[in-house]
Amino acid sequence: MNADVIIVGAGIIGCALAEQLAGQGMKVCVLDRAGIGQQTSASGMGHLVALGDHPAVLALALRSLKLWRERQCKLPDNVEYVSCGTLWLASNATDVLQAQENAELFTAAGVRNEWLDAAALRRTEATLVTDLSGGLRVPDDAVIYPPNAVLHFAENAMACGARFEIGVEAVSVAGGEVRLADGGRRRAPYIVVAAGCATSRLLPELKLLPRKGHLLITTAQVPRIHHQLIELGYHQSAQGQDPVSVAFNVQPRRTGQLLIGSSRQFDDESADLVPAVLSRMLQRGQRFLPELPRWPALRAWTGLRPCTPDNTPYIGNLARDRSLWVAAGHEGLGITTATGTAELLAQQICGNTPLLDGAAMSPNRSLAA
Amino acid sequence: MFDPALPTLHCDLLVIGAGPAGVAAALTAAAAGQRVLLVDQQQDPGGQIWRGQWRELVQSGRCSDALAQRWLPALRAALQANAGRRIVFRGACRVVHRSDNHTVVADGEQAAIIAYQQVILAAGAREVLLPFPGWTLPGVTGAGGLQVMVKDGVSVHGQRIVVAGTGPLLLAVAASLQATGAHVVGIFEQASNASLLAFTSQLWRYPALCWQALGLRWQTRHIPWHTASWITSAEGGETVTGVHWRNAQGKHGQLDCSRLACGYGLTENSELLALFADSNSVNKKRSTATETSVRAATADAIRPGITTADVATAQPGVWIAGELLGIGGARRAIISGQRAAAETVGAAAQGRQLQGQLQRWNRYVSALAQQFALRDKVRHLAIDNTVLCRCEAVTVGAARAHADFRSAKLATRLGMGACQGRICGSACQQLFGWRADHTRAPLAPTPIRTLMQSAGIEAVAVSSSTKRVSGDSE
Amino acid sequence: MSGFSQSSAIEMQINGRAVAACESESVLAALQRAGCDFTRRDQQGAPRAAVCGMGVCQECAVSIDGEPGQLACLRRCRNNMQVVTDV
């Protein structure tokens, strides 16, 4: 097959993009050394959340959420799309102010939101600690099961003729050519690197650091939680560049299990659990869910978020080599923004007027080291 | 608010698993001067083979099992010694997580951190439970599984029971169930007469086993014993009421029963091994390997091979004993436990002598694996709508659509349930030839507070030989 | 069963009902005596019961004294123990 576009990376970004481009009639070839949705896409929480430090990222997230909602009824049941909404928890006056700011931003952007005072919060979520100031409810946020979402995108792409080559590792990209570890080559006028944390191996000038996170899932013998719960302090953890930070985040899964997070650290690329960080994360969880320590932990694991210096992804065309494109560096918003990222990059590649302003996400932007 | 940190127990030698291998290892090491902490997930020592024997010892002064009687009283005496006590036993204790080379987190009735110099992994074996239509019905259990349940008080008096699967265990199970008043209506052994003959004909090297086999065959002489036969399905409403069987000649039939005790041999509890593999070497292999070969890499990183008599692992100070060396029964387990303990104190002469004894058992281990190997028919009893992963109710058909264990796991949640792939892992191996995913901590579902409190391990100093063994004891 | 006759008779609560038991038998044995043929229902509502007897299959997980996820096959009965199954 003479591909029009080669996508390096079959995670959620690569597969969503493959679906878009193949759906528009391009001949798409996707390469991945491990499989479909096997790395970061398989390890995260799967939240679809209205969140973004930079206004451009928030806009990308909001556009993405709209696209997710539009395709909700076409998603297979095993993607487990649940519109449980997000409850942003306020523990103190600072949090309350932050919540008000967020509420204004959301309202201006047409995102439904509602403030719950302490009493309403207690009625909504009985498992929560009772000394919180209140919560900001964003009902249209959702939760999905990412591995099956990635498969769904890939299957749609394949149905439009996209070809997936698994077990194939790219070692360099330049001038419309991908060189492979086994010595082979693939050529196409457009090459997109959507390789998550491995992106900087192929495009070294794009600063990307893996940011390790811990997650823990319980058995199903736990009380019911109805919303995704996130503490407002999550903003500081995600957007800051602290070496180690934790922020409370819990997500109900359709099986009745609870998925508990979150942690962020830069210093460590191994898959090993770090007891001190895991412990700190769980202790933070206990502050919001007093009964947490009794619940049975089934499994804990780690994943690596691809993180850029300004917490904004790289989406766009490389100025130094017009055959090269990139869609990577989404930190904790890869699942959320997969749909919007795919749409934006597809618009850029096909020369259509992009709906969103991609300047802030250009890979050519100058970044403080 | 929970306590900020777990209590720390110190020892020279941690022995994980108090079955025959662990008990022998603990006693041997203690006799050589080691301060030993012996732990087991059960409340009493004995493991599976000697289940219930400790209770008999405590209540009546004797174990009914002759081999247990040679070891458990000595353990009891050692635990009760006042002066210079060298062994502490901690029951209802599972090692769930490891921090570094000298500390693990243990869960159980009281969670704790254990700081050790050396460790012997003697976690034993579990039954291979293969899927077949109706296997999830209440009343369908493992063969060894039913035996241990009965030893701990479950009553099968007057019940019609079919015993099935493969291995010498089936006769022992049938005999023991019959002795408690059950009506064992048939034993279905999938191995052929030729295989059974080949197996028994090499037993002359192991006189004790000969006597045992003869004794069991005599006790079960009235029970219809079908060879080259297997159960094709179990039927019933909310519990099992009957089974269908078939044999290699094509003959088939049906039997009413209220229990089916079916186990297809034993397999090592190897998850513990993965916990002790050197994470650096595993991660190095991981970065270049796909997930499906990680478990292989992990196993290779820690252990040479299945039938080897080598108690050493790739990690200094980490030893294995018992069924972790490959399924070989209690007597071999005891020798391996003694050998591992000898190695921990560098007793070279004793080690060599035990190595010789251990190697005598290699033929038995091979014969067991070879003569009771599963025939294809039995591997493929399950049909597409048969549940494969019990915990997540994933069917064979749903799993079959994927290329390997990890892909199937991510897409269907197979192996992500409470047993963390222990049951379906073997089944996937037999059905599809898939290698299961690598083990993650915690090794068993554990209260979150255990993981919250275990951050203290990084601050724990490696124990010195002047520290006393601390903790509970019987 | 050897040894059980010598252990103390105790009383415990299974799903709210008082049940007589022996101190050294497993919670699984007490569940059987209380007529609990199964310990949980699966995702399709089918009943499930203990299979392996040795802490592997997790089918016998029950709540003991308020702690969820306790394996009935491995735990011994205690006076006043409160057991709740998943059904």
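Should a chain be cited, it is by its letter among A, B and C, assigned in written order, with residues numbered from 1 in that chain.
Heads up, the rule we're going with is that a contact is a pair of C-beta atoms (placed from the backbone, for glycine too) under 8 Å apart; a residue touches a chain by one contact, two chains touch by 3 or more.
Since this is a predicted model, take the numbers as computed values, not measurements.
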More C-beta contacts across A-B or across A-C? A-B
Find the most central chain, measuring centrality by the gap between its CA centroid and the centroid of all protein CA atoms shown. B
CA centre of chain B versus CA centre of chain C: separation in Å? 22
Report the inter-chain centroid distance for chain A and chain B in whole angstrom, where each centroid is the mean of the CA atoms. 41
Gap in Å, rounded to a whole number, between the CA centres of chain C and chain A: 43
Spell out, as numbers or ranges, the residues of chain B touching 2 or more other chains. 392, 417-418, 445, 447
At least two other chains touched by the same residue of chain C: list those residues. 43, 61, 67, 69
Touching two or more other chains - residues of chain A: 219, 255, 294-296
Note: in the complex, chain B contacts chain A through residues 2, 97, 99, 105, 279, 283, 286, 290-291, 392, 403, 406-407, 410-413, 416-418, 420, 440-442, 445-455, 457-458
For the complex, give me every residue of chain C touching chain A. 43, 61, 63, 66-69, 86
In the complex with chain C, residue positions of chain B that touch it: 41-43, 48, 52, 55-56, 59-60, 64, 92, 94, 126-127, 129, 136, 138-142, 144-155, 180, 238-239, 269, 387, 390-393, 417-419, 422-423, 444-445, 447
Listed in rising order, chain C residues that touch chain B in their complex are 1-4, 6-7, 22, 24-26, 28-30, 32-33, 37-38, 42-44, 46-59, 61, 67, 69, 73-76
Residue ranges of chain A in contact with chain B within the complex: 33-38, 42, 78, 147-148, 151, 167, 216, 218-219, 255, 260, 270-273, 275-276, 278-280, 282-283, 285-286, 292-301
